[in-house]
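This report refers to the structure that appears directly beneath it.
As written, the chains take the letters A, B and C, and residue 1 is the first residue of each chain.
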């Protein structure tokens, strides 16, 4: 492939992006469209626990939750995946066996990414060797800001080469990139380096995912698709805790990338508390009554 | 663009209907003229029908006024001017206008729904753009009423007297606010003619004027045929000023009629705006701007960006994105909150647009319309683009006033400036580039009254609006918009 | 033996040159029944040629720096100052007293300087930054209307003419102006001043001739952007305003009276031939108050 000059990526007009988002947030998603959307959201969630305080038990609990979102409604889907640190991958694989729920693992010195490539490779290897289906790596933001786009590109490509069949999600940590132009450029670097997914955030930095950020990433994915014919997935992570906002993400996805992206092969939500809000909305739609958090298990 | 792949915007996740609630919408069966603070029957005793263009259903009957009614209205306006309005202090005048602004805000939902019912525009636009701007215009101008001396230092501004105003059907209430608000702030009284296909909200505004306690005769609303009621206003000897928004053709008839009479005039006429995309633009936002530029209000917009010029190096990608975005637009019931493009305002206008589409095809242009099903009843037109057009084509030269975009390419700045200015119109223009110095070059070279750089179709009461050349003269909005309603020493 | 004086030939002024009228026609303005000179009786084609010259000059004139335009107006005043005597003599020939003639010339010089001073200021007076809602920078500036076709005041042969010319060109317009029919001498001598100042050819074009003959052509020329009529003839005004409609020319009416009055020193005369252009541009909103894109 022709060398891409990442110093010359397409420009983004932030006010124009906001304008477009205001069209999405003004939309009204009601009735059967809402219910269907809510089911899709559940099925797109990477149920996530990434705490220093995580334990085997905690991981087991969220694995159970991923498979049994709300047992009173047996037609509910499972989440798309469970997302944990590499040392919990084995546990998650065991717990989720046969459920179809994927195991995703953050790696590459998550969340800062401040380590040499060899350390990162070791980290990734642990995750994959333990059976992770998906690897969520972070880019080197320091190198990015110093303009060493080749380094960022090569690092992603190296990781991609090391993970075999596992799918690679590349976390841009958009909250550290400074503006939308950088988010566009980082998206391009990640995709051309081989990312299967581009993901906004670690969840450790604010702001995390926002609609404007995701729109910029979707437009990058669309241009990449136009250029190469390869579909890259998108994962907003962090900051999406209510169903209404999640529905707006889906609508933005539908209007930007179309129906082929509307599934968990190409779209994920990285979230820990979104699932319960979505469940409350589903139960509200079915019973007509507004719900209380106390009736939905935390994990 | 190395591949031929396209995005498929169809999905098995359609949005459910989300109709705006019709509760608390008060529509009478019949609307009488509003003269001297009262709703009065027209002298002729006749009424005309106003329809919902989205389903062709009758909405209400509206008074068919004539010259006699206009005369009564002008007399009422003169009396109100002499006896009441011109004697009020600017401060008190301003308070009345503030009151009106507030009432419009309070009744915004009702006004929005009626605007969409009567005109076919998407509720998203009447709710988020038209009606909020209407009250904003009254708010903005209200504050000027007691500050005119600061607006025109050393000129001793004075009101004109009775002003006659004629508004178009595309933004009925918004255009009424653009006209009534500065006229009242400047101390004039008003006789205003409602648009023929969309008269209802102006009569709703008359109700609000009454509710605001604005003295009788300060605002008078008449409706009827342009050739009768409109011309009666224009020709009335006791009208001091004419403010008109509408086609250049009618504007010329009016200007001819008032030649030599000493009447002041403001003309806000047609347009054929160039929207120019350079290769270094933020292309996705530019495409969104093109969409807003031409499909806003079904293209029934005098400043619509109806001529798109794309730098040749990015033509393919822009076209691909534009077509994709058009596929994702939702066309249908104007009262559905998710509708992007509503109904064409009238059967006549639909015929005009369809005629131009035929002309475009005959001129050899290539047409693109997204796949979508249009409602069976009502007046509808798919968003349309024409490629392979020439500057000399009629669809490039003439104002279509519908959702029809003509696309041409260019290579250099020189070339595109020449093409953009190559029109008798000069209302608005758009430029898309990420380079600052190029923006200022373009915005200073383009001969148009409003230039949108890296945006399009934005409006604000503080922002002067109006054209160069055959797009008219005088400004509406901002400090500049007061001047046409004043005389000076 | 007394010397035989050389009589001056008054030509017209188009594109910085002094052609005779293409029509070959002349007329003789008179005072006290005495013919003053042979003046060109300009034709429709002379007017057309003048408009072509004015159009050619317009872009360059409008895009000169305001400072530079100001200096050029000032330069006209300087050159006029040096030729005062000739103007006083011509005004006297046309019926003025010497005292009034002197005052008229002095005021003409002062008026040029007055408008010279406005060139780089009126834009500041009339421009606004408009506080719109939403994240946009929005500003309005005046721009020249383009070509102004003007009928100079009939009664004020020099000062009336100069007032119109300098208020038109100070704002970046170019003009074609028809001099007073009965008092045309100073207009052409003023053209000689212009030709030796630094005014680019075509910015000011001066015709002599008959107002009635040229009226409809001034009103109907499609490449004229505005018409200025100094006078009060109702039929003339109506005709001009009707003709102006076809290309939506701006029409302005000024008096044909006393141009000695200080009210003619007035920046709003400049704004009479300005269009307001409003420009919008987004303002990026990042950082600061934690927009967090």
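Following the convention adopted for this analysis, a residue touches a chain if its C-beta (ideal position, glycine included) is under 8 Å from a C-beta of that chain, and two chains touch if they have at least 3 such contacts.
Values in this document were obtained by computation on a predicted structure and should not be read as measured data.
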Innermost chain by mean C-alpha position: B
Of B-C and A-C, pair with higher C-beta contact tally: B-C
Distance between chain centroids, defined by C-alpha means - subunit A, subunit B (Å): 44
Chain centre separation in whole Å, for subunit C relative to subunit A (CA means): 68
Centre-of-Cα separation between subunit C and subunit B, whole angstrom: 36
Junction residues of subunit B - those touching two or more other chains: 454-455
Residues of subunit C touching at least two other chains: 136, 282
Contacts with two or more other chains, residues of subunit A listed in rising order: 13, 15-16
Complex contacts: residues of subunit B adjacent to subunit A: 1-3, 5, 7-18, 124, 128, 280-286, 288-289, 292, 317, 320, 328, 337-338, 340, 434, 454-455
Subunit B-touching residues of subunit A, taken from the complex the two chains share: 10-13, 15-17, 19-20, 23, 26-34, 36-37, 40, 219, 222, 225-229, 250-251, 254-260, 262
Residues of subunit B that touch subunit C when the two form their complex: 136, 155, 248, 251-252, 255-256, 258-260, 267, 269, 424, 439, 443-444, 448-455, 458, 460, 462-466, 468-473, 475, 478-480, 488
List of subunit A residues in touch with subunit C within their complex: 13-16, 18, 175, 178-180, 206-207, 210, 212-213
Subunit C to subunit A touching residues, read off their complex: 135-136, 282-286, 292-293
